[in-house]
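Please read through the structure below; I'll follow up with questions.
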Amino acid sequence: MDRKIVILTVAIAAAVVLASVATALYLDRASGDDSVGYVNMAPSLMEGWLAGNQSDAYIAWEPYVSSSVVSGTGRVIMWSNEIMPNHPCCVVAVSEDFLAREDGQDLAARFLKAHIEANRWMAEAMADEEGANYSLLLEMSAAFTLRSPEVVEEALGHVEYGYEMGEDFLAALKQFTDMYVETNIISNETLSDLGFGNVSEFVEDFVDESLLEVADDVEPSGTILNPADEDAIRLGYLSGDIHQLAQFVAQNRTVGGGEKSLFEVYGLNVDPIPPYLNGGVLMDGFSLGDIDVGYLGAPPALQKHANLGVSVKIIAQANSEGSGIVVHADSDIHTLEDLVGRTIATPGETTIQHLLLKIALSREGIPFVKA
Amino acid sequence: MTACIEVRGLSKVFVKGKREVVALDSLDFEVADAEFVCLLGPSGCGKTTVLRVVAGLEPATKGDVMVHGKRVVSAGPERGMVFQEFALFPWRTVRKNIEFGLEIRGVPEAERHAISSKLVDLVGLEGFEDSHPDELSGGMRQRVGIARALANEPTVLLMDEPFGSLDAQTRNLMQKELLRIWSATRKTVLFVTHSVDEAVFLADRIMVMTARPGRIRETIPVSLPRPRDRTSPEFIAVRGKVLAELDEEFEKAREKELSPD
Amino acid sequence: MPRGRAMMVRVRDSVTANWMRLVLGLISVVAFIATWAVVSDYLADTDSDKSEYLPGPGAVAEAFVKSFLEPVPGFDDIRMGDMVASSLIRVFWGFLLALAVAVPLGLAMGYYRAAEAMGRPLVEIFRPIPPLAWVPVFMMVFRSFWGPVSIVFVGAFFPILLNVVFGVRSVDPRLIDAARTLGARRGAIFTKVVIPTIIPYLMTGIKVGLGVGWMCVVAAEMMPIQGGIGVGYYVWASAFSYSMYDYTYATMLVIGLLGVLTTGVAEVLEKRVSRWMGMR
């Protein structure tokens, strides 16, 4: 019996040694000297994580960038528009099932009109910082994002709101899709299965400019055209994402002129449903049939439309730019190269923030790996 | 000459919560070297308790217990014990069971092996050295128990109704085997049982115990030559004498059970 | 019934039973796969929006094989083998730590009334808390690699502890008596009676603990704050990040197989040890 105990002990010792070696190798790979490692995290947690020095940096959408800066925890080393000027960020998407409804096209066009008017109102308000509308805008933003007015004010400065979709917009979407194809997140087979010969065809089919063309001519409506609860436009958006302020503005009664919100002015019954964590989950919401219109980032829309066949169309832009890379205020990181060997938190592998970071790092030839 | 086992004024009181149970009340007896003595009594009379105190598994409340003049303080290999339920180590083979005490004493392997082999032969288990207890019959298991106790060359062999778990035929066989082994080793044996037949068959002397609280009621010598014939008139006579003593105690024990205590 | 025929019936029944079991099992598995294929084909044909969520068995099998040979979608240089290794390493450490703490603690609690009195209330408070509930705490403190390890630890700890305590309590007092009359003192009683007695119980605890630990690591890896790779992580990522559901199912298959493997190994060990111990 003693011999068996010896064998057992030796076996255990060998297993421990083997595991230690494997562990060391594994951990070494994760924090390689020549790469930047990423972890996934909800943006609301990123500031705390950074403050506690548990990650070295994070990239997120506003207001989560300005939040750190204003509180003094963080410092921005790069804005997203420095990586790709005028890059499209959030878009407005509508489900094809909704468009197929009898009143679908009309309601969608009206929705866009409200979206356009909200954008115009926001642009005017921001142009006049003394004006009453400006304070209202800050108030609304603060209420929507649950941040202080100072943070929101700072954040608004970095976001470009707009609704137009132009050649640059399409080109950027094509670039994103190309990147996905390269990294095998979308396969060429998938595109051809869907009936597209190449990325261009795919993107051009995905974007539907027709509604935008007619939207501006839409007249206000005296009555609500879809008053019934089951006919309401179910609106999906991302939690606390200041990029998507337009839809929030469009719900506000003061903006609409005292009694009605912009949506109501144009005759719409809009039912905002509880917010989603990120664009990917929002696309799942489309897939489940839970929403009719959604505000989300372009990349997850592209990806899930391709891989899961979620049938939506992009009908307008919501914003461009408005994200940043934040490091600890006291840290010694100042450039992208300084991030080598460190860990950065991103909101998810298919968010535009993640994608932009990847683009930026690959320009410097720095590998971007899962930490 | 010092007796092998000497018990003087042994009392044992068990405390169960608030109640005190007097198991033994001032017991006195002696066992001489190489003697085979049976402790006989009704159930609950405390005979097992006597054995456990002599073994050192329980402390005496009052009185002296000596083995070869030395006080018994705790259990030890010089007072080997054989149990009714065998108490073999199920994860050890027959050989390893027998060698248990030797291992504790640090006896080197070769010597252990030699000793256990001899004992295996003595108790008649050749061929089963590497079997586990669950592969053996009741009688065989008890042979292991005996061999295991003998391995330590004990001064006395304490046996607590060792054949109580066996069927009648095996029991008779084992009684004969025990006598054979005993005559080969000439140990002092203190044997507890409630079977009159068994006691008369095996013992040089039979000590009949009273019902609780236990005392030695009567000591009856059995000077019949071995091997004893259960059907012989002398056997039957001794048996009758013992039974007479015992029946009275059985009555008393039963009355005690029925009346509130 | 004449003896010979009775024996033949017995033999025939056992052979039939084994073959029957195999055949029946095979039938149900084949039926399941066939149903799956039919359903997923139906969804694809009707062009349902849900079709991509249920790829057919062929696609899953293909993804399964490819995942080991090529980098998995979303990564340049990581294959399923790397995911598996990462998860297994975590399980190993968590389990080892649990063993190292629970066995001595269990022995102490089984042996000493005082230890049991002190330990029992804490055990009863913490045991019902599902290991995953510790994620917010442990993930923050221990971060990406050791976070899941600590969840595995919590998961494996209690089964091992409770089985060891039970084992110590189950030591046959007659064996201790016997050992004492053979000259054993406390130390020898511990090593030669108590330890052998508890080993089968320990093996049961190990088997259960390993199973729980495996489930814990998969779940902990799915937590969004999780860093590092692993099979649990990839089940999540392949679905929510990359929308490659055939890889999701393939990963689930890998997880299932690994689970069977780990508990299977534990079970084999348990049986061998039991036989070696001559118990049961």
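Think of it as A, B and C in the order they're written, each chain with its own count starting at 1.
To be clear about the criterion, contacts are C-beta pairs under 8 Å (C-beta built on N, C-alpha and C of every residue); 3 or more make two chains touch, one makes a residue touch a chain.
This structure is a prediction, so every number in the text was calculated from the model and none was measured.
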Task = Please give the pair of chains with the highest number of C-beta contact pairs.
result = A-C
Note = Maximum distance between Cα centroids and subunit A occurs for chain B
Note = By C-alpha centres, the chain nearest the middle of everything shown is C
Ask   = Cα centroid separation between subunit A and subunit B, in whole Å?
value = 86
Ask   = So how far apart, in whole Å, are subunit B and subunit C when each is placed at the average of its C-alpha atoms?
value = 50
Message = Centroid from C-alpha atoms only, then distance subunit A to subunit C, rounded to Å. What do you get?
response = 38
Request  = Scan subunit B for residues touching two or more other chains and write them down.
outcome  = 92
Inquiry  = Counting only residues that touch at least two other chains, what does the list for subunit C look like?
reply    = 276
Task = Give the residues of subunit A that touch two or more other chains, as numbers and ranges in rising order.
result = none
Note = Given the complex, residues on subunit C that touch subunit A span 49-53, 71, 73-76, 78, 85-86, 89, 92-93, 96, 140, 143-145, 224-229, 237, 240-245, 276
Task = Mind listing the subunit A positions that touch subunit C in their complex?
result = 4, 15-16, 19, 22-23, 26-27, 30, 37, 39-42, 45, 49, 52, 54, 183-185, 280-281, 284, 287, 289, 303-304, 307-311, 343, 348-350, 367, 370-371
Key: Complex interface listing, subunit C residues touching subunit B   = 172, 174-175, 177-184, 188, 192-193, 196, 199, 276-279
Inquiry  = Show me the residue ranges of subunit B that touch subunit C in the complex, using the header's touch definition.
reply    = 55-57, 74-77, 79-81, 83, 85, 87-93, 100-101, 103-105, 132-134, 148-149, 152, 158
